[in-house]
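Structures for review follow.
Presented sequentially are two complexes of subunit A, the first with subunit B as partner and the second with subunit C.
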Partner chain A sequence: MMSDTGLHIRNVDHSYGDKQVLHDVSFDVPDGKVVALLGPSGCGKSTILRAIAGLITPDRGTISLAGCDLTRVQVRNRKLGMVFQNFALFSHMTVAENIAYGLAHLPKTERKARVERLLELVRLMPFADRFPPSLSGGQQQRVAVARALATDPAALLMDEPFGALDRALRAELQAELVRMQDDVGITTVMVTHDQEEAQAVAGQLVVMNDGRVEQVGTPEEIYDRPASLFVNGFIGHANQVAATVTGPGGLRTADGTEIAMNRAVNFIPGAPVTVTSRPEHLTLSTRIHPGAMQARFDRAVVMGQFLTIDATLADGTAVKAQVLRDDGPRPEKGEAVWLSPDTSRLHVFPANTNGA
Partner chain B sequence: MLDTRAKFSTALYWVFVWGCGLLVLAFMIGPILLALVMSFNSGSTLRFPPEGFSLRWYEMLFDPIASGPIHTAAKNSIEVALSTVALVTLITAPAAWALARAPKRFSGSVEPILLAPLVLPSLVYALAALLALSLLGLGPSFIAVLIGHAAVFAPLMFRTVLGLAQRQNPALEEASETLGASRIRTFLRISLPGILPGIFAGAFLVFMQSLDNVSVTLFLGDPGRTMLPLRLFAMLEESLDGRVAAVSGVLILAAAILLVVLQRFGARDAR
Partner chain C sequence: MIRKDTLLSWPMIAFMVLFFISPLLLLAGISLRGEDGSWGLGNFAAFLSDPFALGVLTGTLGLGAKVTAFASLAALPLVMLYWHSGKRMRSVILICTLLPMLTANVVRTFAWVVLLGRNGPISQTIFGLGLSDRPFSLLFSETGLIIALVQIELPLLLLPVFAVLNRADRKTLEAAEVLGAGRWRAWFSAIFPQIIPAVLAGWVLVFASATTSYVTQSVIGGARLIYLPQYVYREVGVLFQWPMAAAISILLLASTGVIMLCLTMLARHERLQGHA
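And now, the complex of A and B:
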């Protein structure tokens, strides 16, 4: 059932007091790959990371790494590297001492050589004898990564590793991490609430909400084929319109627009649904079109070669559309426009009950 | 109109700040300076203004034949103070560290109890302790003074350590554990350095308080063992002995040196 490589999380439940924060969480991290746990704050992504690290013991479920069950193994014997939120560097020790902290069992010369190799890896050679508080945020983050990698861990866990850094620095360090990951090839689990960060660093995303795994997949799979309304709205923007199923492949939106899908939907006629579309899959027209939703034009924002358009449907639903700037009409504020969805890229979910 | 009012209130503000500030300084520093000046008096009794400058009181104070009882009293007091510091450190440092990690609801209700001795007059405590001792059939002794001082002054160190322990990021200890360190190594290398400045600050406070405490020492102390504050009282009662001022001078110097050392230590650690 379990393969012998990589990290496997199976049916993990956990509660704090009487509040259950993890519900039957399962996912795999293939050997040497980066997986990002992605979700809004409070979705349980940090809790599952702490469970993997052994900082909490889950109520139920198993966590195994390279075929070994870790569930009953103590934190210090798990041989995992962890990068903490805000880095948790030891401020009374130098950078070199921080990195050497997990190497107490090695002979002195070996320890020194290893610390030097890691300082080189994270490009902090000149800072070996500095104290962490005197370093910039980006340098501190690299010390934290080096310290976690020093013990040659079987996997690397990172809790919001870029959260404490400003935006410009983030992109640079994300690229740095990808480079290092290519060098080291270590199985990595990263927790983040930032979808761009997750997509930039990880090959596989685990989208979580409310203590549950909503979807596991590559960034493309998750963007193109969201498994739930939550995922659809959390990763990228999703316009949501209430509709009713009229037949196989037929929908009628709340304002009466008939939409003919080019595929059958798995709902019985009459079922209330929420139909979603990406902004870039809507086209704008100032004339009536069959299958287009009528809306009131609010404003357009120039985004490079695109125009991002805000419009409002008759029932008050706000809709965003992204169209090429060069072609197409430029309506006035308040003018009536028609938005035609690319019906092959629409998603249909049961009517919105737990909002995204 | 508004302008004059603003000016008036600014003036009032400065009068208040400077006035009160100077008053506080006068009351705190004044007596200390006075004692220092009197300790260098060349006259034959404690007197202000001094009749001339001399080191005669210091010479007499350090003379083992003339001031033997004072030396013994000082030695006894320092013994008690150091033992108190050691005992208090052993009890409060782990207690404060553990309480900082306890659930909020628990620590919130325990903390006021542990700090209670601070608001209890030590005279009341000393009297109660003496009664309790005699009920147990025990008399005043070194151990009784030690325990009395520890009970009354422990909250001083508890406070200084708790403050630091609560501010310490729990992720530091978690990081240490994920790096393979044992609980003991984590405490010694990560937790302890974090609370060490609090232990030093607390030790200083406890030492000073223990050294010049009268009430607990008076009630619980072995009458055969004189202690420094009691000895000083006795000397003042017998005659206006200038050596009392000289003892103050020595204590002030010692406190000042200790404070500077502590400041240096704190500054190095805050880096």
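And now, the complex of A and C:
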């Protein structure tokens, strides 16, 4: 059942030559919401964005917007706004002319009024008659956003919109975009490889890897309940330890530590698994503990009120732990320590065979 | 004072001064010498007050303009074809463009003599199709000369444009399409501005080359069509009026120079700064 608002991507496959770059990609963007496509480079996130824009025609699947099937609609008739990675501004046109580009069908006075409104929205009034090459990266980005919004598009697509900017400017413009999004409330799909950026701007994340959608959810859901080992490791840090299932709620790690989970795991006894833990869900002790993994202490880095600890398990697996700085031991380098996981927050996945 | 880092350029500078700048100054000096041995602008005044000579000057500049215009028209479909071609096809087009340049100008000119003649393929085809009631010769006509010059000078316009197209930014074209522009509007607002500087550079080359191509002008234009290079030759070789020939040369240099300067300044326009 297809609802008639928002943007819907259904079962999209695409190949470049022999290489399939999208495998059965499906996700929804609710009307007026921001969704971020997140994944490492080459995961197909830009390809799906280009398919939505109509710059490529996918081999299979449907893309619909507000109840209309876009699949057969030509690029210029899709009425979408797009912000490109390097902004793709017309450098021989002034800022105002760039913004007016998609408004050629409007009468002159209306066009002028609309351009002025957008210049105000992106706070570029004094730059209306400047040429893009003379603007800073942040200003160019805002021109690109204004140009995309000028046509009052049904949806806004952004391909790494902050990728060409330096770090300090990025945070500022992300906040600006959130403010603008609150003003105009446009259905938005943003492609990014930066998880912080995705979490700062989008309410819903679509995590992609290798042409497939790994998980769709809010930033919280994805952090707390990762659907796959890839998602677990890609969003935030995850310590990965090889283990074997010993019973309904029991695991034995490769170095022999018995871990009793507080819930049953869906694996048959004897199955090889990878058990993961966030750094902040490990506690550090200099004495042996039941259910704690023995490790060699490497170093500790002060991060505000926390200590970030690097340690190495007996089988050579590197482990990170984050503990409060005030209490707790300060071991020496090379000393033996014990790390106890918060068993309610462990995740268990089929054994990591591809080394990802 | 001689700076060490410019030392390597001195042989070239010396060569240019000795064999280019000093002869040019010499030419300018000779042009100021009157028939009676006096000095002044008499030669220039004589040339510019002679209606026939003035006609030759405007005819020459007009020839350059026409060749540039028709070469641009001929280049447009090739540029479009090149833009829409894949890697392999682009190489083929590039080789086809370069190939004629490997033959000497004289050889290409004589090839056009065959093609443009009364029994040549152009005349025979048009006559054979019944579009003309008798075979005709395009030799010794401005039309024939323009056709030949357009073909001979075309690579000078195409090569700089192809070079720019190879690294043209496609994202801008996509941006134009997403914003609702049709194919032509998108191409002219996204790709065309990127190639304008190359087109202007090509125009300078084609114009300068067409106005000064003595061989093609005299072989295909014949004795009936006189352009400045032949006019100069006549003054030097037939009339032995060296000061007059020098004055005409300076005028030719100055007039083509002014046009080239204008085109170059156009390429520096504020709107083209992002594409330099």
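Here is the rule we go by: the second predicted complex is superposed on the first by the 355 of 356 C-alpha atoms of A that agree within 3 Å, B and C clash if a C-alpha of one lies under 4 Å from a C-alpha of the other, contacts with A are read in each partner's own complex, and residues count from 1 in each chain.
In this text, a contact is a pair of C-beta atoms (placed from the backbone, for glycine too) under 8 Å apart; a residue touches a chain by one contact, two chains touch by 3 or more.
Only a predicted model underlies this, so the values are computations on that prediction, with no experimental measurement involved.
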| item | value |
| --- | --- |
| Fit-or-clash call for subunit B and subunit C when the two complexes are aligned on subunit A | clash |
| Touched partner set for A:R76, first subunit B, second subunit C, both or neither | both |
| Partner chain(s) touched by A:N86 [first = subunit B, second = subunit C, both, neither] | both |
| Partner chain in contact with A:L55 - subunit B first, subunit C second, else both or neither | both |
| Which of subunit B and subunit C A:T151 touches, first, second, both or neither | both |
| Which of subunit B and subunit C A:K19 touches, first, second, both or neither | neither |
| Subunit B versus subunit C as contact partner of A:G102, first or second or both or neither | both |
| Partner chain in contact with A:P132 - subunit B first, subunit C second, else both or neither | second |
| Contacts on subunit A seen with subunit B and repeated with subunit C across the two complexes | 53-55, 75-82, 84-86, 88, 90-92, 101-102, 104-105, 131, 133, 147-148, 151 |
| Subunit C-touching residues of subunit A, taken from the complex the two chains share | 53-55, 75-82, 84-86, 88-93, 101-102, 104-105, 131-134, 147-148, 151 |
| Interfacial residue positions of subunit C with respect to subunit A in the complex | 169, 171-172, 174-182, 185-186, 189-190, 193, 270-275 |
| Touching residues on subunit B, where the partner in the complex is subunit A | 169, 171-172, 174-182, 185, 189-190, 193-194, 269, 271 |
| Parts of subunit A lying in touch with subunit B, wherever the complex brings them together | 53-55, 75-82, 84-86, 88, 90-92, 101-102, 104-105, 131, 133, 147-148, 150-151 |
